[in-house]
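Chain nomenclature is as follows: A, B and C, assigned in order of appearance, with residue numbering initiated at 1 for each chain independently.
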């Protein structure tokens, strides 16, 4: 039972984290290669606070706020640089985050922060919290996609210049996407810290940023259900592949490569095509 | 009093090159002004000054007697400007109807945070359908842009600009790339819009259609204004004939 | 004296960066792909260099073999991984490239072992004492000399041969070059061959400096090279060379003076972000 609880908690946190990136990259089309920095900001904020005996639930909004503050700054850079430049800038922000944390004794430096206190919610209580937050954000994402905000996001992802020519303040929308997406990543970070009870600079490095982008792209960029599936599968895959421990990263990356090579629109596209074939190729 | 657009002494230099030198004209409500000139005359540059992409070194632009100098492109659009671009850029993942409906929803998209709380699109889609009907695209409303020929997309671009209920409609070479029949049809549409009271600045290369529909002309050559007035009189001016007709046609 | 030493170190590091980043910027100029897996070819070059030197005892032969073999692998990467993705949105190729890079690192670990390799007897161990107290290692001299020679030859060929001109035309404006009858496919292959060969040479040189190759030696290089080509103004060759040297020097000084605040490898990105806020198109990019 304990194993299943751990598994479900891990999945829920991954889903929340992946959906938070989907808000920025999937809905609004702003590809980020440094999203783990916001998971890290939330994780460090929350962990430092609970270690100072502040109740866990109080730290959640604080984690969201600190990540969103950083996200707002990165969002501002997205108003200056675009496309590939933005991808590399966000990647740079990720490296900068790890590079700075690593050198600060205050944040535990290279070693990180161990002995993060329990949440006081119990294992099942904590799992339920994680799952309901993930579910809540999934519903929120779907609602936003259907709203006029989602309509504008789709147009920005398609062609930002034309969106501006229609009199829409694209900058404001991009900033909102960054703030909501990074605040949510901050909450996911707080959950992450109290799930593993240990965090270090390496937990939030480039590999994490790529993994979460992989979840979004494998799920099918912009597709909420597709991403829930892919985040669930990709986050438990390393656990399932324990028995081939030595080859698990090879397998993971090879799968990702073949996914991009043969089904670039992700699982959502894969299912759509399979379904169309099943339904008899009707237009 | 009722000047919709005022272009006053606008000069633009890129490095050592003067792209626009002292451009001057005003448009009253309900006018259809043809803005012509040979290639490299600085038409596109002046158009970009009006939309705010290029900042002029001298002079200023005002819309409805409001100075636009400090405003960004989306703010200028919100003041009553609308633009149909020379190179059509539809949103590829939306039907024509949604392309236009997005532009119809400016009251819902003006405040980015509030936009989250609006979900209903039926009103805007209905208005979009009317606009598509007006430009003769009612059959293609639910088609995706990638499946349609250029002539359709040019009309969609006009419908999308009209969706903003502009005080001034800027059309940047709408006839470019169209065959003679298509060009004639779209020029007729522009004339109809103007007859319905729409103020239009038409930047165009197709002199035949411009002469047919525009009562007023503004001519620029090498960045300098060389003539401005009723079309028939303008075309009698020797400098216009040599600058424009001598080279272009 | 410290300043001069740091400066020379910066130039050595900058030369390595230049060799790696040049291939990356060529690929970007031609295909608009951020080719992260490029760094795996750098690592492969290092391995081949050490293995060939240990077998034959000739460093020169090792450089040649590494350059040619890795050049061919680079062409294969283009054919297998990128060509089918050219019509997709750019981030698809980027993710594919990152996946390919991680998979390659794992393959190196599994094939060559996790602990890395060293030269059986390290070549060029001596140093030259330029003036009392200031030494320059032969290996460091080789790095600087090799980069200057290789890059000059390339510059000469691209300016003075028919194929070089076709190649430059394709990098600047592929559709125009095609209109003039340039075979774009061949240019792409050549691009990947040359870029990968340069990365392989950089790999051999780094192996020489450290007397060590390991599976992960490309990770830092790969991301930093991305920062460099963005700094230089994506696809701009002169900008890339300038950014490589600047970064090498900034890192050499930065490690000493602000190393306690920020990790050496993060310096590049701090510099990158500052530059992009001022000049969004990079140091020498065109808006």
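Note that a residue touches a chain if its C-beta (ideal position, glycine included) is under 8 Å from a C-beta of that chain, and two chains touch if they have at least 3 such contacts.
Source: prediction; values computed, not measured.
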Neighbouring chains common to chain A and chain B, by label: none
Pair of chains with maximal C-beta contact number: A-C
Centroid-based (C-alpha) most distant chain relative to chain B: C
Central chain (distance from its CA mean to the mean of all protein CA atoms): A
Euclidean distance of C-alpha centroids - chain A vs chain B, Å: 42
Cα-centroid distance, chain B relative to chain C, in whole angstrom: 48
Euclidean distance of C-alpha centroids - chain A vs chain C, Å: 31
Set of chain C residues in contact with two or more other chains: none
List of chain B residues in touch with chain A within their complex: 51, 72-74, 77-78, 82-83, 85, 89, 91-94, 98, 102-103, 105-106, 108-110, 112-113, 115-119, 121, 160, 164
Footprint of chain C on chain A - complex, ascending: 31, 77, 80-81, 83-85, 87-89, 91-93, 95-96, 98-100, 102-103, 206-207, 210, 213-214, 217, 246-247, 249-250, 252-254, 256-257, 260-261, 264
Contact footprint of chain A on chain C as seen in their complex: 28, 32, 34, 81, 84-85, 88-96, 98-100, 102-103, 106-107, 110, 223, 226-227, 230, 234, 259-263, 265-270, 272-273, 276-277, 280, 282
Interface residues, chain A side, partner chain B - complex: 143-144, 146-149, 151-152, 154-155, 158-159, 161-162, 164-170, 172-173, 176
